[in-house]
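Naming follows writing order (A, B, C, D and E), and every chain is counted from residue 1.
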Amino acid sequence: MSESLTYVSEKVGMMPGTLVHVGSVFEAETKISLVDYNKDTIEENNIFSIEELIKYKETDTITWVNVEGLKNVEIIESIGQMFHIHSLVLEDILNTHQRPKFQEEDEYIYIVIKSLALQNEKLSVSYEQISFLILDNFVFTFRETSDDLFSPIYQQLKNSKGRLRSRGSDYLAYAILDVVTDMNFVLIDSLDIVIDSIEDELLTNPTSQTLVKIQQYKRELINIRRSVSPLRELLSGILRSDSTLIRIETHEYFRDIYEHVIHVSEEIDSYKDILAGLLDIYISSVSNKMNEVMKVLTVFASIFIPLTFIAGVYGMNFEYMPELKWKLAYPVLWVFFIIFSIMSFVYFKKKKWI
Amino acid sequence: MSESLTYVSEKVGMMPGTLVHVGSVFEAETKISLVDYNKDTIEENNIFSIEELIKYKETDTITWVNVEGLKNVEIIESIGQMFHIHSLVLEDILNTHQRPKFQEEDEYIYIVIKSLALQNEKLSVSYEQISFLILDNFVFTFRETSDDLFSPIYQQLKNSKGRLRSRGSDYLAYAILDVVTDMNFVLIDSLDIVIDSIEDELLTNPTSQTLVKIQQYKRELINIRRSVSPLRELLSGILRSDSTLIRIETHEYFRDIYEHVIHVSEEIDSYKDILAGLLDIYISSVSNKMNEVMKVLTVFASIFIPLTFIAGVYGMNFEYMPELKWKLAYPVLWVFFIIFSIMSFVYFKKKKWI
Amino acid sequence: MSESLTYVSEKVGMMPGTLVHVGSVFEAETKISLVDYNKDTIEENNIFSIEELIKYKETDTITWVNVEGLKNVEIIESIGQMFHIHSLVLEDILNTHQRPKFQEEDEYIYIVIKSLALQNEKLSVSYEQISFLILDNFVFTFRETSDDLFSPIYQQLKNSKGRLRSRGSDYLAYAILDVVTDMNFVLIDSLDIVIDSIEDELLTNPTSQTLVKIQQYKRELINIRRSVSPLRELLSGILRSDSTLIRIETHEYFRDIYEHVIHVSEEIDSYKDILAGLLDIYISSVSNKMNEVMKVLTVFASIFIPLTFIAGVYGMNFEYMPELKWKLAYPVLWVFFIIFSIMSFVYFKKKKWI
Amino acid sequence: MSESLTYVSEKVGMMPGTLVHVGSVFEAETKISLVDYNKDTIEENNIFSIEELIKYKETDTITWVNVEGLKNVEIIESIGQMFHIHSLVLEDILNTHQRPKFQEEDEYIYIVIKSLALQNEKLSVSYEQISFLILDNFVFTFRETSDDLFSPIYQQLKNSKGRLRSRGSDYLAYAILDVVTDMNFVLIDSLDIVIDSIEDELLTNPTSQTLVKIQQYKRELINIRRSVSPLRELLSGILRSDSTLIRIETHEYFRDIYEHVIHVSEEIDSYKDILAGLLDIYISSVSNKMNEVMKVLTVFASIFIPLTFIAGVYGMNFEYMPELKWKLAYPVLWVFFIIFSIMSFVYFKKKKWI
Amino acid sequence: MSESLTYVSEKVGMMPGTLVHVGSVFEAETKISLVDYNKDTIEENNIFSIEELIKYKETDTITWVNVEGLKNVEIIESIGQMFHIHSLVLEDILNTHQRPKFQEEDEYIYIVIKSLALQNEKLSVSYEQISFLILDNFVFTFRETSDDLFSPIYQQLKNSKGRLRSRGSDYLAYAILDVVTDMNFVLIDSLDIVIDSIEDELLTNPTSQTLVKIQQYKRELINIRRSVSPLRELLSGILRSDSTLIRIETHEYFRDIYEHVIHVSEEIDSYKDILAGLLDIYISSVSNKMNEVMKVLTVFASIFIPLTFIAGVYGMNFEYMPELKWKLAYPVLWVFFIIFSIMSFVYFKKKKWI
C-alpha cells in the first residue's frame, strides 16, 4: 500500500486541536540540532529541551533548528507555544500525510513538502514529509527520519563565508528547499533508466511480468505526481506572497526552484504518456506472438491435412481400385506429395507466414 | 440503480414552492435533538415541537438542533417560518437528491453535503444527505437517518470545556463538517484495499467476473466523485465568503477541511487511473491465456499431423510398395517417429511455446 | 440523421435579415394562445391576429403569448414590429437549429432552449426548440409543435392565487423554463434504465447488435449533451445579467434551475464514462468467447489427434509388425486409448479449459 | 500532404519584410474587381492598376476591392503603400499558410480566414485563404482563386436598396464573412452524410479499406478543426474590439457569426467522438469475424476428428479384432457416426456456435 | 536517452551560485564573434577576451556578441560582472537543460530557447540551447555549438542597409529569434514526410518494427513538444512586457513569431492525434492478418477433415462392408469428394473467406 493511502483515517473521530503523531515512521528518539550563525560567527549544537532556544530568540543571528523524528509530541507543542504557532499548523507538522502546501501567517510561514528518494533499483520510492517554519530570524525544519540529506547545507554554512551566511532566514529556507527539490531530478533520472529497460524487455522478451511492471510503475508515477505537482502551486504561492518574511531579493531564487519544479512536472507527465505507449506495444506484441503461433499451425495443417487425405484414399479397401495395381502409382504419389509440400511451402513463404 | 439517479423526476410537474420530501429513505419518525451551550452551561434535550425553540432564540447561547428523518414536512416548514428561511432552501433540505452546495443569505448560511459510508465489504456505498443551516447563534442539521455519526461532537461538547464550547456557531458547524468529511478518508482507505484485492485476483485468476467487478467499481467511483468533488467548490465558497456568520478566525479551520477535500479528490482521480490500468491488464491477460491455448493446440497438431500422414502412407494398399516388405521398416519408422517428436518438442521448447 | 445536423445549410446564400422558417417540423396552422393576468383577474384567449395584442400593451397586467407552429412567418414579423425586436432575433426564433443561448437587449430578453423528450423506449429523443421573449409585462414563447408541456403552468395560473399570479413576467419565464428543464430529469432517468438493460445484455448474451446499440446511444448522448450543456452558460448569463427585466428576488429561482442544469450535465458526463466502460466489457467478452471456442477445439484436437496417429500406425501394411499378431494387442490398445483420454481430460479440467 | 503542412519552410532564411507569395495555388493572372456604392449609386468595375483607386479614396462612398490571385506581388505592395498597411500584414496576405486571425490597427482591421469547400464526394477538402482589410470607407478582400463564392453579395449590392447598401464598410465585411463561414455548414452536412455511410459500411461489410477511410477522415477532421476553431477566438476578438471601424450596431451581426462558429466547432468535436466510436466498432467487428471463423473450424474439427479416430481404429490390422467379424458392426458403426454428428450439431447449435 | 533527461542531477548537491557548465556538448574552444553596427557603419570581429568589449559599451552602436561553446566558464563570468548580470542567470546560461523562458530585469532581458534540428532521415532530433541577453545597445547570444544557423543574419547585416541596420537591439534579437524558431517549420515538414511514410508502411507491410517506429516517434514528439510549447508562454511574456528594452514598434514583430509558434504547437498536437490513429491501424491490421491466417486454416481443415473421415471409413477392415464390393464405389466416391470440395470452396468464397 502506498504511503499516502494509509492516511488520516487513523485520526478520524478526534477533535481538531488534538496533537498526535500520525505516520508510519517512528524514530526511536527525537533529535534536535541547531545552527546559529551570522556573517561572522557560527555555532553548531545538539539541544535537548526547547527552553534552550530562548536565548537565541533575543539575538539577531539566524537560527536553524532541525527536528528529526516526530514521536515526541511535547517538543512540537513547546515550539508552538514559544513561537505562537497556530495549533492547526502543529497538527499538520505531526500528521505526515499532508499535501505539499504553503501557508502564510503574520509572524511565520509554514511550508510542507515531500522528499522523494528511490530506495533501490526496484523503483520503490520512499516519501518523507519535511515541514518548514520560517520566522524572522529562525528556520525550523521537521523531518520524519534522520539522514545526511541536509549535509551539503551544513558544509556550506561551516566552510564558506558566502551568500548563505550573509543572508536572512528566507535564503536559508530557499537553500534547504533547493536541496530537497533537487532530489526529484535524481529520481527522474532513475525513472528514465527504468523505463528504458522496460522498453528493451518489451521488444526482446515480453512476458506477463512486464505488464505487471508497467502497471506498478504507472501507480508509482501517480504517487510521485501527487507529491510533486502541488509544488508548482506552492512555489507560485511563495512568489505571489507579499509577506515581509521573504525579502524581494530572495524571490529570484525561489523562482529558480519554481522553474525546476515545472520542469520535473512536465517530465513526469511525459513519462505517463510513454508508459501508456509501452502498454500499447505490449498488447500488440501479444497479438503478434499469437499471429506467429497461428501461422505455424496453419502451415502445418494446410500442408499435411490434404496429404493425409490422399493417403487415406489409397488406404481404402475397395475391391475395384485400378490405381492400386499400377506399378508406378506409389512412387508417383510420393513425387506428388513432395511437389505439393514444396509448392505450399513456397506459397506460405511468399506470404511471409514462415 | 445508484441513489443519485432516481432523482427529481418524482417532482416534475409540481410548482416551485411545494414542500415535499423527495428521497428513498423514510424514517418512521422525525427525531429532533437539541444541545444548547455556552462556555459555562450545557443543556441536552429531545424536543417534539418547534415552538420549544422560541425560548432559545432569545438567549446568547449556541443552540444546535439536529433533525433526523425528513418525513415530517411540517417541522421543516415551521423552522422555515420561525427563522425566515427561503422556501427554495426548505425544498432543497427536503429533496435529498441535491448536489453539495454552499449558499449564503443575509441571515443564515445553507450548506448541503453528502455523507458517504461503505455499507459492507462489497463496496456498496450509502449516500446520506446532510443539510446545515448556520445562523448567528443557531446551527440546524438535517439528516435522513439516525445513527451515531455525530457522537464524537456530543462527547466533545459534554466532556470538555475546550475550544468547541467557547466558540460560536460557525466553529460548531466546522466541527460537524469535519466529522462528516473525515468519513471520506475511511472510504478511501477501504477503496484502496478493494482495488488491491482486484489486482491480486487479476494476476492470479482473472475471470469474466473480475471484469464485471472492475466496471462496477468504476461506476461507484463515478458516483463517489460526484458527491465529493463539489465539496472543493463548496469550501472555497466558504473561504471566499465575507458573511459575518463565519468569523475570520474560523476560516483557518475551514481551510483545513478544504485541504482534506482536495486530498480526497486527488485520491479518487488517481483511483480512476488505476482502475483503467486494471482493465488493460485484464484485456492483456485474456489475450495471454488465448495465446497459451493456441500454443498447446499448435504443438500437438504440428507434431502429430505429419506423423499421422506418414502412418497413412504406409496404410495405403498399393500392390507395389517395396518398403512394406522390408524387415526393418517398421522399427525404423518408430525410430523416426520418436526422433521427429523429440526434435519438434525441443524446437517448441526453445521457442518457449511449451 | 440527428436533428441538429440538417442545419442551416438550407439558408446558405441568403442575406441576413431574410425571415424564413428553417426546420423540419411544419405545423399545419400557427396557433396563438394568450393568458393575461394579475393578482386579481385572469383572462385566457386564443387570438388570430397580432393586432389583438395592442390593447394588452397598455395595461399593467402580465400577458403571456404562446405561439405554436412557426410556419406563419408574418406573425413573427408583426410581433417584431410591434415590440421592436431586432431582426436577427426574429431570424433566430424562426431558425429551429439554434444553440441554446441568452441574449439581453435594452427592452427585452431573448432566450432559446431545447426541450428534450424521449419518444419511445428505443431512445429516440425528440428535440423541440422553444424561444422566449421576456418584456416588461409580456412573455412570448415560440414553439414548433403543440402539446401539453405547458399545462402545469396553465393549471397553476388558473387555479391558484399563489406566487405565480402575484409576480412579474420574469417569474413567469422562470416557471416555464423550470418546466422545460425538468423534462431533462425525466430523460436522464430513462437513460439510466436503458443503460442498465444494455449492461445486463452484455453480461448475459452480447451480440454485435449490442455494440451497435452502444454506439447509437453514445451518439444520442453526444446530441443530448450538445442541447443541455449550453444551458449552464445560459443560466449563468441570466444570473450575471443586470437587466432590470429580471428582478433581484427572481435570481434565487433562476439559480435553482442553474443547479439542476449542472446536476443534469454531470449525469450526462458520467453516462459517457459508463458507456465507454460498456464498450470495454463488450470487447473483453468477445475475446472471452473466442477463448472458450479455442479451448474446445484444443481439447478435442489434443486428445484425438495423438490417438488417431496410433490407430494409423497399426493400420500400416508392413509385413513385419509383430504386435499385429499378439492376441491381447487390440484390447490393450483400447485400454491405452481410454486411459490417455481420461488423463488428458483430467489435465484440461485442472487447467480450467473445460 | 495537407495544405497547411507544406508550410512556411519555403520562406525560412528570408528576412522579415521580404514580400513573396507563398502558396500552392498560382493563378495565371491577378484580377481586381471593384464595387463602389452608397445608398443611392453603385458602380461596378474591373481595374488594372492600383492608381485607379486614388479617386475613390476621396469620396464618401463604400469601396470594395476584391483581389483574386496573389501572384502579382507588386499590386499588394502598391495597396500597402497607398493605404499605409504594415509590411508584416502584407506578408501575411501573401503567405497563404496563415492561421485565421484578427488584427486591429489604428487605421485598418486585418482579418484572415480559411474558406473550406468539399471538392467531391471523396471528402477532399480544399482550403482557400481569404484576407480582409477593413478601412473607413474601403474593404479589400484578397483571394487565391477566382470563383462565384461572393456572387450572392454582388447580387445583394446590385439588386436591393436594403440594409447592405445603406450601411458602412463594417457591415459589408460582415456580409462577406457571413457568406464564407456559412460554407462550413455545407461542409458539416456533407461530413454527416459521409460518416453515416461509413457506419453503414462498418455494420454490413467492414474491410480494411473502411479502416483506412476512418483514419483519412480523422486526419481531414483535424485539418478542418485547425481552420475552423481559431474563428472562435477571431470573432470574440472582433466583439471585444473597441475600434471605431466596427460600429456598435454591427456588433450584433458579428455576434451572430460567432454563434454559428461555436455551433460548427461543437459539431466538429462531436464528429471526432463519433469517428472514435466507429474505430471501436471496426475493431470489435474484426474480432467478431474471427470468432465466427474459429467457430466453424471448431465445429468441423470437433465432429470429424473423433469420428476419424474411430474409423482409424477399425482400419488397424490386428489379427484378433473380434468386431471385424461381426455382421452388424459396420451398419451399427454408421448409426453411431450419424448419432454422434447430430448430437454434436445440436450441442453447438444450442451454444449458438452455428 | 533524450537530451533533456540527463539533466540537472549532475549539479545536485552544489550550492546555488556555483558556475559550472552542465551539458553534453563540449566544444574544444569557446569562440566569440562580434558585430558592431549602426545605420552607417559596420564592424565584424572575433574577440578573445571580454575586456575588448569595454570600448563598445560607450558607443551608441548596436553590438552583437555571439559566444559559441560554453566550456570556458570564466568568459560567462566576466560578461556577468561587466554587465551586472544576476548570478542565477549566468548559471542558467551555462546549464543547457533549461526550459525555454523569458526573464525581464531592469537592465536586461534574458531569453533561453531550444533550437531543434533534424539530424538525419531517422528522425533523430538534436536540441541546442540558445540564450539571449538583450541590453540597451548590446545583444549577447550563447550557443553550445558552432554552425551556420546565424549566417542569414550576418548576410542581412553586411549587405543591406535595410530595417535591421537602422533599428535597435530589440529588433536584432527579434531577427535572431525568428531565424531559430523558423527551424521548427523545417522540422515539422520533415515530420510530416516521416509520418506519411509510416502510414504507407502500415497499409502495405506492417511489421513489429513499424510499431517500434511509431512509439519512437511518439517519444520524440513528446520531447519536441516540451521544447516548443513553452515558446508560447515565452512570447506572450515578451508581448505583455512593459520593459523599455523592447520598443513598442517591435512588438508587432514578436507577435508575428508568436503566431508562428502557435501554428507549430497546433501542428505538433495534431501529429500526436495522427500517431495515435496509426497505432489503432496497426493493432487492427495485426488482427486482420490473424483473421486471414485463421480463414486459410479453417477452409483447409473444413474441406479435408470430413473427406479424410470418409476415406478412413472405407479403410476399415470389417468383413461385411457391402460397398467395398461394388464396382462403381470407388469412382463414385471420387465424384463425391470432388463435388464436396467444390461446394465447400464456393461456400467459403461466398463468405469471402478465400
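In this text, a contact is a pair of C-beta atoms (placed from the backbone, for glycine too) under 8 Å apart; a residue touches a chain by one contact, two chains touch by 3 or more.
It should be emphasised that the depicted structure is a prediction, and the values quoted were computed from it without experimental measurement.
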Interface composition of copies chain D and chain E: same or different, split at half: different
When chain A is superposed on chain D by its C-alpha atoms, the rotation angle in degrees, nearest 5: 145
For chain A paired with chain C, centre-to-centre distance based on mean C-alpha positions, whole Å: 43
Whole-Å gap separating chain A and chain E, where each centre is the average of the chain's CA atoms: 26
Residues of chain C engaged with two or more neighbouring chains: 283, 287, 290, 294, 297, 301, 305, 308, 312, 315-317, 321
Cyclic chain order - from chain B, heading first toward chain C: B, C, D, E, A
Residue numbers on chain A that touch chain E, as the complex places them: 152, 156, 160, 162-164, 174-175, 178-179, 182-183, 185-186, 188-189, 192-193, 196, 199, 203, 252-253, 256, 259-260, 262-263, 266-267, 270, 273-274, 277-278, 280-281, 283-285, 287-288, 290-291, 294-295, 297-298, 301-302, 305-306, 308-309, 312-313, 315-321, 353
Residue ranges of chain E in contact with chain A within the complex: 1, 4-9, 11-17, 86, 88, 97-99, 101, 208, 211-212, 215, 218-219, 222-223, 226, 279, 282-283, 286-287, 289-290, 293-294, 296-297, 300-301, 304-305, 307-308, 311-312, 314-317, 321, 323-330, 333, 337
